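Here come two complexes built around chain A, the first alongside chain B, the second alongside chain C.
Moving on, here comes the complex of A and B:
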């Protein structure tokens, strides 16, 4: 097993996780847990490949992917804020709606059942980075990815800057920390939450487009394979801070990359490595839970210790 | 808020609650039906023809009805599991994982223990119940003890269950042969089937009995009343002298156990062994079933029958039209989405202060607390 090769594929595998994690992180910072990341991505993946197949243009495909994902995010936000649906139930409904709808459209529009691929679909081509490619080991890991990979990692500092160095970011975090205080200070709470949800959709749109047009060049039912959930795990583990979240997403991506390679060498079960993100998150929740219970949580809406 | 809207629920509370229990689901179904018809039309098919295929494919003739009953059985268990927990204000969306673990337990006990059928079947069922309960214990305990959001834990426990059971079915206890499955359960652990048309088995009777028993518990016992009060207002329940953490833990475990029974029925009745990744998402369908039933155990029978019928009718779509069975999934989760919104509309009209709407676990401040 070539360690450099594994790291190279870890960067690749982590890319959709980074997109989804950055999207989910924005809503997390605004005080919402968006569990529909998978739904956003699958819709984008489908819209991307369908547009690419119809027009042959990658740019149009990317735009279609982002727009479709944002529309789904708008649907979810409308139900959550306008109709006051429980955000979790809405999230589950939107996710499974998206799974079902893409599978249905795959048959209805593209005429395929389960998997769609075609030689005529254009594909994002790998880019050799000018100077980095010459660095001995690092070059082989970092260079030769598609543009969407680099964009994903560029989003990390951009989002960190937006959240921590702009007025908008301050308000988003304020909405997340203390919505009542934010409302009292004149911040439009619902509007900001709506905005973060739409941005979440846009980022997942990139992630979905990456999945179907760059990571592989096909569409399969439920092809997001719970990447949204892993991204959510990363967000939870890193408490929604952009850089740590991205690092955790990279680690989870590495575990996934290893779970593909390691069994080929050692014959171990891939499931045990794939378990890592979920188990780590549950453990993190336990630790956080114990700590919060000790520090007598102030705004626990439904704690049992009422005395 | 005007006087009329405030007094409306209080004048005839029984009538309003009955109305909302029946009208809301029917409205949601109508909305889903119309949106589904538009979608079908957009895909170039005739919606009347498609809906007729769904109905005739599931209800025309004894064989079709038997298949519908077979498809309905797991939904009864998972729908009931979700309904029990939601009624007590606990959102157990981990029924999928609990079912898988229950199925694995039933599968292991089914082939590893040799007993006469009279003991073997109950033992397997008990094992499945215990397995589901154990899987539910993690979110339940974290919820009750530390106030950790049970939804997130449930979400994570689902893939863990899938991967772990997959590990058992592909490595630890894999039966010889190309398929990823456990060895077949012994004949003594099999649930008897009624006919050769479908795999419908005694599990269906168990599920129906369970629905009726739970309906009686809910309506006629102190325990059932306590669950309802905890769901409506844990604070009120606490000041009324109910041991809220203990009851909530019990409900959550019961819910997990019932979800585990779905796995037992699948393994002991329909497949005869634990197959890796056997579930097409019955646990998540259970959410739709429970919501359409408005969390009433008898309502679960109706909504499980409806979704079971749609599922069994959808097989025909693949052959006769350019659509797939996923149309049913789309309809199902439109219903969930509409009903999710509907629930809050009810709350809004029933409670004066908006702040009191957070009687169910509040989602708005969960991130700061967990």
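Moving on, here comes the complex of A and C:
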């Protein structure tokens, strides 16, 4: 097994997780548990491939993907803020709506059941990074990806900057931790939450477009394969800080890459090895759970069963 | 003073505020002069907060006029009020604990560089200068979560000053402060007034009103019934204006006749706080039958942990607790079986289920009495709840109403009724029994506790309110940094003396164990 090749594919595999995680951590920092990341990505994946198929333009496809996913995020925000739905229920509703709608349109517009692919769909071509490509080992891992991979990793510092160095970011984080304090200081709490939700949609739009146009070149029902939930696990593990969240997402990506490569070398049942990324996710959540339990129940305080 | 309108920074004329059919404020008139400290007093529910929320733009007024510096204003959000120089120091601090002092202060009015970048350096120097100018010493880079309550209040005050507030509304600011911190706050208020700020001081602590205010407006049932110059009035007069009848500020009771039996016996108790510090450190105390013992202390000196240990809500790290001569059980239910009746401070969280009906709240903890095989005799339970509502005079209560729809005082009566109606409850722990309760109800709650004492029960009252401690206790204990530093006979003690112990200014006089002077450690 070629380690460099596994790492190269980890970067590739982690890309949609990074998009979803960056989107999800914005809402997390604003104090919302957004479980509709999969829903956002699946409409984007569909809108992307349908537009690419119809127009032959990847740029238009990307725009369509982002717009469709932002619209879904706006719907989610409307449920939550306008109609005061529980954000968890709204998230489930939006996700199921997205799964159902894309399956319906797949049949209705593209005339396919389950999977759509076509040779006429344009693909993102790999870009060789100047200078970096020449670095031994590292160059082979980091270079030669499509533009959407680079954009995903560029979003990490951008979002860190936005959250920690700007007025907007301070307000978002305050809204997340102490909404009443923010409101009392004249910060428009709902408006900021709305903004982070739309941005979450936009980032998932990139993630969805990446899935159907770059990672593979096809659309399949529920092809996001719960990447949104895995991204949420990364966010919780890293407490919503951008760089650590991205690193955890990369770890999950590495686990996936391993689960694809390991069967070839070990001869173990591939079905078993495909569990690796999910086992890693569960382990991460167990750590989060133990950590929270310790933090809240330490020093002998009574544990209320319903907490 | 009242005739010269140009001196008035704020004038509220004939304010009416209705919520549906309910009129919360009738024709309220109030004027605030420049550099004046104006106390707004009244019972809970008298409309003080509603009136101030109208001023602050949180509630739209139904009728009337608000004049700011002589001009009529309409605030639809607090932002409008803030922009016009009105600031509110909230009772429950509106602060984000994991952010710095400077970040909390500048929030909403942040200094920025190009592209929306925060200028934290400027924020820190500005807040530092501001805190020096008003003598409110604070480190702009300190985390708010690590500050004491008194310092957090300074952050709240600085927040309003940073926005150039000229009129500051203080909503029950002393509720959480030590006597020393209160004195410092009053000094700050006077200094602010001298520098031309106007201060509206909402409170129901009459002694403080007399100590600091220039004029006093008394609210009762949505009306301002009187505005008086401070020098012309006594606490007794204000109290009768507030309630509409004369109030006993001290409960009438006979000398305690403590029985021989120790109902609560605590020896060398150590308990850890949320951050792992020794919140209670080798603490010993006892409460006998037939006496009311009041535990005075500034919030956060281990009272919460102590009470949680007695109630079984927290595992002690060392020492022993005996309830009615028997060692503490393993669960809260065991302790109740030993004879503990517990009236917690956290009514909405620990004491009651606010969404559940009143009869259900009154029945919990008495379930065996209504057991019919595997079922519950709802009819009997409701009949008993009905009787309790009458006996404890829970106003506005019907059986099926949600407990949360009652006022604070009546919620308190519901939990007191449930706890004290237990025949086997011979040790009563009442935590902040009059918190958020109006004067009329405080009186009747105190009377109930005295009745319980006279019936031979042991009553242990934990309160941050010295007036309450003095009004009800036979014996006063003072807790400071997790230890009992004073054990005084209530009739001999003075508030000043207890205040000194609360602030740790006096060395402990009682022997409470081996290492009295060792301060609470933070791990």
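In this section, the second predicted complex is superposed on the first by the 266 of 307 C-alpha atoms of A that agree within 3 Å, B and C clash if a C-alpha of one lies under 4 Å from a C-alpha of the other, contacts with A are read in each partner's own complex, and residues count from 1 in each chain.
Keep in mind that, in the parts below, contacts are C-beta pairs under 8 Å (C-beta built on N, C-alpha and C of every residue); 3 or more make two chains touch, one makes a residue touch a chain.
Predicted model, so just to flag it, every value in this text is computed and none were measured.
In the superposed pair of complexes, A:130 makes contact with neither chain B nor chain C.
In the superposition on chain A, contact of A:113 is made with chain B only, not with chain C. Of the two partners chain B and chain C, more chain A residues are in touch with B. Residue contacts after overlaying the shared chain place A:184 against chain C, while chain B stays out of touching range.
Within the superposed three-chain model, A:174 lies in touch with chain C and out of touch with chain B [touch as defined at top]. Shared interface residues of chain A (contacting chain B in one complex, chain C in the other): 177, 299-302.
Residues of chain B touching chain A in their complex: 39, 43-45, 89, 91, 93, 138, 142, 144-149, 151-153, 155-157, 159-160, 163-164, 166-167, 170-171, 234-235, 238-239, 244-245, 248, 281, 284, 287, 291, 318, 322-324, 326-330, 332-334, 336-337, 340-341, 343-345, 347-348, 357-358, 360-370.
Chain A meets chain B in the complex at residues 28, 31-33, 35, 79, 83-90, 92-94, 96-97, 99-101, 103-109, 111, 113, 176-177, 179, 221, 226, 229, 232-233, 236, 240, 269, 271-272, 274-275, 278-279, 281-282, 285-286, 288-290, 292-293, 297, 299-304, 306. Residues 165-171, 173-174, 177-178, 180-187, 298-302 of chain A touch chain C in their complex.
Residue ranges of chain C in contact with chain A, taken from their complex: 77-79, 82, 88, 90, 93-99, 103-104, 107-110, 112, 115-118, 159, 271-274, 276, 308, 312-317, 332.
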